[in-house]
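Structures are listed in the sections that come next.
Next, two complexes with chain A in common: one pairs it with chain B, the other with chain C.
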Partner chain A sequence: MSNLLSIQGLTKVYSSTPALYNVDLEIGSGHIIGLLGPNGSGKTTIIKIICGLLQPTAGKVLVDGHEVGVESKKIISYLPDHTYLNDNMTIHETILYFMDFYEDFDADRAYAMLEKLNINPDAKMKTLSKGTKEKVQLILVMSRRARLYILDEPIAGVDPAARDYILNTIISNYDPEATIIISTHLISDVENVLDDVIFLQNGQIALHSSVDDIRQNEGKSVDALFREVYRCLEN
Partner chain B sequence: MLGKLIKHEFQTTWRPFAICLVSLIATGLVGAFLAYIYPQNLDVPTFVSVLLGTLIGGYVLLLIAISVIAFALVVVRFYKTMFTAEGYLTFTLPVTPLQIITAKTLVSTIWILAINISTCISVGFVGLGLVIKDWDELMADLPMIMNAIRHGLEEMGAYTLGTAILFIITLLIGVIGQILTFYFAISIGQLWQQHKVLGSVLAYIVIHIIVNIITTVVSVGTSLSILAADVVNASSMEHYVSSTLWISLILNIIVCAIGYIGSIMITNKKLNLD
Partner chain C sequence: MSWNLDNDRPIFVQIVEHLQCDIVSGVYAPGQKIPSVRELATEASVNPNTMQRALSELERDGLMHSERTSGRFITEDITMIDKLKEELATKRIEDFLKQMERLGLSPREIKDLIAKKVKE
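Coming up: the complex of A and B.
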């Protein structure tokens, strides 16, 4: 099986502090993967390098065989961990923007999700509450028929009801051929939707396993294992 | 994709620039009307003169302010869409940094040129308001005035079509050079780990000083070579004007090339969004 995402020897150093160190990772198609770790473990750094927002100090990233660039960006749908859309644009204008640049963008899907949430497409982004903005961003990102979705902390900072909606949106729009990487430290909330998990600690991969294997072999939930692993590493 | 970037760049920038353009034309028309009704041949009360002086001062300040605002809009737009949260969208679009910088440079150049042309039109309106009362007299004197201007330009060696075209191209490249200098300085500022805005300002100051030193050295060299000539006539003046324009053009092209390539290289190879 050719890997959708291949990372070799990835290192990122800020000043003299390594945020990632010699990370190797292979991810295939058709998985929902939890990129888990405490704050500062390197989750956002690795995501930003895959998306082309950060330059690695060393190492290589291939997305469907392409180095990070135009071809990789065509197949990655990325949700950052903060609002990033132009506040002066309406939702409708933002949808037109996405339609223009992403061939895989499904506008009907976006409008259907907006209608379901009673969000007015003519509203300007700056008039929306933080939670609604995050939902709009998620709708835009999940309305692409991408090969690789990368969602950075999609449920952080929203109320539990919104978390349910967001996770439901992710699952219901999931193409079985695509892969979703969800970065979060709220493990118990996402555990049920994950196929695999990657534990990051101090810029290195501490564990890469399927959720089923963890449950079978360890006899515990991912959340419980996470707490155990990080307690061990801290000691 | 370049066409789409240009289209969206226009869509998201047209409002503030349109306000600037309308303000320029509107104040030009108001100025023309005031100039037209101003009683030139009569003694006017002092307060009218003071009022007129204030209005002229305000008008000049407005022209300067709009020119500054236009560049500020260009700079803020570039910084915001490239190196703040909006950069996350800009740099995850399936486009190259070359396409992004090209689209922004092209659209900014068009807006700045539009502002410059509108400023000329605005001033032209005011001038027209001043002379329109004496239109017939002006028309009668026009050939003489044109001849005087032409003669003056010929004396300076500047009255050729080639020189005029060279002058316009130099102005155009100068505008592009100014924009790309800002872009390059902002891109350099992003290489700093912290205080990126301060880094951008310092980078701009350093670039500006370097360009000014080189321009001054080259200009003084050219002037001295002309002064060293035995005879200063129309031919040597034409040579001087032409040389000055060419040197200015070449320097501006170099500034454009460094700014363009430098900005693309930094965003391509050194992008580090916080």
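Coming up: the complex of A and C.
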């Protein structure tokens, strides 16, 4: 059987600048993976290709054996790095909208999480603070019963207390059969919840390892290793 | 992070140590059912797979056992728990003695200082 996510020789060139170059990657079910890299390393490009929002220049992406398309989108729940929800809808209306769009959307789960985070479903999106809006978006994305969750910078705009909330939301709603890919540069905040980390550098994979292997072998946190690796490569 | 984990040692090792402490100190009584993997992972703010691996390790050591449908339980073997308690305490005392040695204290001085502190 093929892996949940299988990427071969993936290359993306913007005009003449390569954003991804010949990336091979295999990811199985039941993992939480950190996609880490400095700005411009190709994180968002690889995510957008997996989600079908960008066409690769070369290479192949299979999601649970399906090429990127209608079938792959059914099993991927994607949190983009920007807001895309309609400001004039209430949270409740947004939930109805998601129920129409995704057959795996679990409204009970969404309402339960909103209640836990003290968010009023009757509030209009535009009245929410930036952090609350991010929480709502994450709740919507995590309320799908998807196989692959892809979260692009899910905690960037929220305060540290809310980050803990969000990470706990991710852990407590995590289905052991599903895989979550989290792209971020706030490594120290997330490294305890990750199984594996992938370091991207100039559009290529510089390292793919488990968090505990890094700590065991290097005697330092992933965050410390990241700072070291990228300082070296820049010289 | 509610479990206060160091960021330079494997998380798995630290979870095992934390649970061992909870067992010997009686946070979880012998024979008591422990929370689910998901609950424990949420409490510790760690990856559920890492929590699962730590629990399996403790099961291999005999400190816990799982029953197919009803969950995971602490061992009722009090001798085993007492033995672990002694091992953990011995390890900490050895570490402590090494530090005192580095401060240049003789065994006699260490003993006197401890006796004084315990009395307080």
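Structural remarks
By definition in this document, the second predicted complex is superposed on the first by the 233 of 235 C-alpha atoms of A that agree within 3 Å, B and C clash if a C-alpha of one lies under 4 Å from a C-alpha of the other, contacts with A are read in each partner's own complex, and residues count from 1 in each chain.
Please note the rule applied: a contact is a pair of C-beta atoms (placed from the backbone, for glycine too) under 8 Å apart; a residue touches a chain by one contact, two chains touch by 3 or more.
Keep in mind it's a predicted model, so treat the numbers as computed, not measured.
After superposition onto chain A, the modelled positions of chain B and chain C are compatible, with room for both.
Contacts of A:Arg215 after superposition on the shared chain: chain C is touched, whereas chain B is not.
Applying the stated contact rule after C-alpha superposition, one finds that A:Ala162 touches neither chain B nor chain C. When the shared chain is aligned, chain C comes close enough to touch A:Pro176, but chain B does not. When both complexes are overlaid on chain A, the residue A:Leu85 reaches chain B alone and has no touch with chain C. Touch criterion not met for A:Leu186: it reaches neither chain B nor chain C. When the two structures are aligned on the shared chain, A:Ile76 is found in touch with chain B, with no touch to chain C. Here's the short version: in the overlay, chain B gets within 27 Å of chain C at its closest Cα pair. Note for the complex: chain A touches chain C at residues 30-32, 164, 167-168, 171-172, 174, 176, 188, 191-195, 211-212, 215-216, 219-221, 223-224. Listing the residues of chain B that touch chain A in their complex gives 1, 4, 7-8, 11-12, 81, 85-89, 91-96, 193, 269-273.
For chain C in complex with chain A, the touching residues are 1, 5, 7-13, 38, 41-42, 45-50. Those residues of chain A lying in contact with chain B across their complex are 14-15, 48, 51-55, 69-71, 73-74, 76, 78, 80, 82-86, 88-89, 93, 97, 100-102.
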